[in-house]
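To keep things clear, I will list the structure first and then write my remarks on it.
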Amino acid sequence: MKLLDVEIAENKMIANGIYLLSFESEYLANAFKPGNFVNILVEKDSIYPLLRRPFSISFVKENKVFIGYKVVGRGTQILSQKKKGDTINVLGPLGNSFLVDRFDGKVAVVGGGVGIFPLLSLCHELKKARNEVDVFLGFRSRSDLFFVEEFKEVSDNLFISTDDGSIGYKGNAVEVFKTKIEEENYKVAFSCGPKPMLSALKSLNLTFKCYISLEEKMACGIGACLCCSIKGKDGNMLHVCSDGPVFDIMEVEI
Amino acid sequence: MKLLDVEIAENKMIANGIYLLSFESEYLANAFKPGNFVNILVEKDSIYPLLRRPFSISFVKENKVFIGYKVVGRGTQILSQKKKGDTINVLGPLGNSFLVDRFDGKVAVVGGGVGIFPLLSLCHELKKARNEVDVFLGFRSRSDLFFVEEFKEVSDNLFISTDDGSIGYKGNAVEVFKTKIEEENYKVAFSCGPKPMLSALKSLNLTFKCYISLEEKMACGIGACLCCSIKGKDGNMLHVCSDGPVFDIMEVEI
Amino acid sequence: MLEVEISGVKLKNPIIAASGTFGFGREFSRLIDLNLFGGISTKGITLKKRAGNPQPRLCEVYGGIINSVGLENPGVEAFIKEELPFLRRFDTKIIANINGFNKEEFIELAKILSPFVDMIEVNLSCPNVKEGGMIFGKDPNRVYEITREVKKVSSCPIIVKLTPNVTDITELAKAAEKAGADAISLINTISAMAIDIETRRPLIKMVTGGLSGPAIKPIAVRMVYECFQKVNIPIIGMGGIMNYKDAIEFFLAGATAIQIGTVNFVNPNAVSEIKEGIENYLKDHGFESVKDLVGNIII
Amino acid sequence: MLEVEISGVKLKNPIIAASGTFGFGREFSRLIDLNLFGGISTKGITLKKRAGNPQPRLCEVYGGIINSVGLENPGVEAFIKEELPFLRRFDTKIIANINGFNKEEFIELAKILSPFVDMIEVNLSCPNVKEGGMIFGKDPNRVYEITREVKKVSSCPIIVKLTPNVTDITELAKAAEKAGADAISLINTISAMAIDIETRRPLIKMVTGGLSGPAIKPIAVRMVYECFQKVNIPIIGMGGIMNYKDAIEFFLAGATAIQIGTVNFVNPNAVSEIKEGIENYLKDHGFESVKDLVGNIII
């Protein structure tokens, strides 16, 4: 974990309101594991926004770090206006990572909306570990699609769904995943997405392990402020930023 | 007085920390009289800085409005980073103006530091009204000089002074002006500059009329908030933004 | 859709210009249409003309400004003669913001003014004067006493403006309600201070002044919410409202109407933008009237 | 040049990490050198382990954040066993921030902790718990009582941390001084609230929380200044300090030392930047020690 001033290499729109930002950082690129995130100060000396903003690292390529994000408020709005050559301050890598292994069975990866970002490099690693990977991605609508080609490359089967059915299955990623559970012999699932999606996933009562990446509002991002605490199964407090963001779905209340 | 979104035509450094900004505005260019100022919102939706920043209009040329300013804090810092094509919101023209006439005698114009900005168009008008104009400009140092060529064109005699004597007379503009008062038959003087300079001017007890342009911290710039009030001679409150910024030096407490 | 009512006075919309930030309307009328406002609360009026405090009166801080105008105003007579006729030309409710240095002055001001205006706002919260104002306003007993007396002599509804510089603002709200106030308005500015580290002098000549602007908004929303739990008279909420979203927060917290102050300096068009924003919000969220928002927070 | 003293405890510099924003130092130690701090005030400690408040606990507002952590902490025993040894490795003073739900708990905590730490900060100002905390802290009599009892049993100097959510903070300061406090620290967060206008729910599950960050700075500076006029014990000032300039304001207003909280989240290097900034300021302005700045405002 380091505090780094990095120079933006590229920052481009890749879908409706979705941007992909990249910068060079040998340190981060090497230290990174799928699931990690960074805490970005979008504007120096700004008091509004005041806090850093947490974003998963979508993937790294050589020494370049790529962050996909959706413009939802003032912080991401400002970030989206940054140009090549502008400097941003990045704190990372933060948090734990997805457990990647050679599983003896199929792997399912289920992502919805901005939750899709951290899953790309996960799939990459899962494939590298020679797993068979089924990917389920849910988007709002056809114009919101992103990373589709990239996921094709790192999956065996890719199932796209949209809320409005404008492309792929109509419905969300969990619904599609559900239809496959019985046909396929999944050994493990990984997921990231909005809370309702994760709750739906939990209520499937999967017979195999399922790891999810969570979000909570964060101030420090490193485990010091205790703003991002959630209750673990045993009543113990878990900190999404430092004990997570990846948790065994059975170990957390959602 | 109007609220205008204008597009920056140019914004360049013209001396050490001094910038000249211009934008097209037929309305402002026509409505403008020397001494008027504008209240600029340097950043939309910003809460820090929050208030608009007041700046004199230095001069207009056809439909272009020129504003000279010095970077002193966060607002002017942000302004200095604006580029051609960026939009700023301008409220103006505000305030009263210098009385321009054909005076039967010489006219003295005394400016110090950023107080020099509003005097350029004044001199222009004074010359247009066929006056003989002596201009006294005080700067910190040689590297701080600006508008010198421009003032040469609209004055009969130009006296430059610097605090450190690195160019022109050593001392401030009022000291130089003082040495000329007895030789010359001034009918009227105009001045703008830091408070100590204006106090020095007042204590000369000039036998002719002297008009000065004042500064106070401003919130509204239009006479509504009463933040910029100063005491007039008769104890009445005067508002620098709406009764001024130009006052007869004998009518105000400084 | 936007109409609200305060003790029988109908405001065509819930947006009121906050006292002291809008003068007597004349200056802003050159820039915007005063008819846009549901109401205008005047600059604080005193019995006699007042020069106000020495310079500097204003400084800027993170997300706000500190002012110490100190109730500069022409006095009640000049107001009635020279300012009120102008204000009366517009289709907006006129609220006279009154300031006494003792109980008698408040009574006198209410007597003189209430026949001429739509409502009176009793400012028991000015932090920028040595007597009266906030000194009274911090004590529930004085709030009760002054409110009761002012109410007795007023021929129009009275609003009591509360100071946030207290341990429990609901005590003041309850005192005002018990004394017969038709509404309360909150918050006035928060006592604050800033220092120029180069000169080592306070940035406000009077040392402390009143903080307003976005920085105080979450404190104001909290106080409106607290008061809404404790009193039944309408609340006029204010403090740091910059846009329609901020306004909606105040309604949800319990405000029947809002005042906008500092934002007028930044964006004189705020009133029309906020008006439009509220309308759109109501439509988009299926509400028929702004009244449906009041206190409609889901806990 | 930077050394200051509080009741015999020498801080090598006047910068203290504010309670609750710095955990027990462990996390930040991976990022910055803890030796940079004059002192570290720990996360609020209670007798028993506490889970804290439900989510959401945090939201951002104009120029600040609202938190409602609610004193999540491992309890005093775990602190002493698992956290203190780590903290003790650094050349910085350790201040234990203690939180009781009644007088006895405060006494108990002080008894247990005072042999192990350099100072105790008695938190009479936590806005995020239903009992104890701010409820006690708003009443000068309770402040007096608890301070006196804690002082009696403490083998190290005690600091009393005051809440800003009161009419007159100097009353609390005086009560603490009279009861024997070695210093006071202020301000804790200001009770505040924000509402999500889309869900119409409060952005903090507990509805209200504590506002910190730059937005509260001018209020904090004012309170430090007020207390400096009224008490003779050292004041530790905090609230919205983002950089060395803000720190200097607090010294000029009367603070002997400062705490930095929210800024740690934004800029973990703040401590070293502020340290350097203060040093340069002292040199540039011809002061020999930061002590020369304390209360050195020119009115």
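For this structure, a couple of remarks:
For reference, chains read A, B, C and D in written order, and residue numbers begin at 1 within each chain.
Just so we're on the same page, a residue touches a chain if its C-beta (ideal position, glycine included) is under 8 Å from a C-beta of that chain, and two chains touch if they have at least 3 such contacts.
Just so it is clear, the structure is predicted and the values come from calculations on it, not from any experiment.
Chains C-D form the pair joined by the most contacting C-beta pairs. Averaged Cα coordinates give chain C a centre that lies 34 Å from the centre of chain D. Mean C-alpha positions place chain B and chain D at a centre distance of 47 Å.
With centres set at the average Cα position, the gap from chain A to chain D is 36 Å. Residue positions of chain A touching 2 or more other chains, listed in rising order: 47-48. Within chain D, the positions touching two or more other chains are listed as 62-64, 214-215, 242. The touch graph of the protein chains shown is complete.
Chain contact summary for the complex, chain A toward chain B: residues 46-48. Touching chain B in their complex are the following residues of chain D: 62-63, 214.
Residue ranges on chain A touching chain D, taken from their complex, read 1-3, 41, 47-52, 91, 216-231, 235, 237, 242. Looking at the complex, you find that chain C touches chain B at residues 20-23, 26-28, 30-31, 43, 51-52, 55-60, 62-65, 67, 69, 72, 213-215, 242, 262, 264-269.
Residues 61-64, 66, 138, 165-167, 190-195, 197, 199-202, 207-208, 211, 214-219, 221-222, 225, 240, 242, 245, 248-249, 252-253, 281, 296-299 of chain D are the ones that touch chain C when the two sit in their complex.
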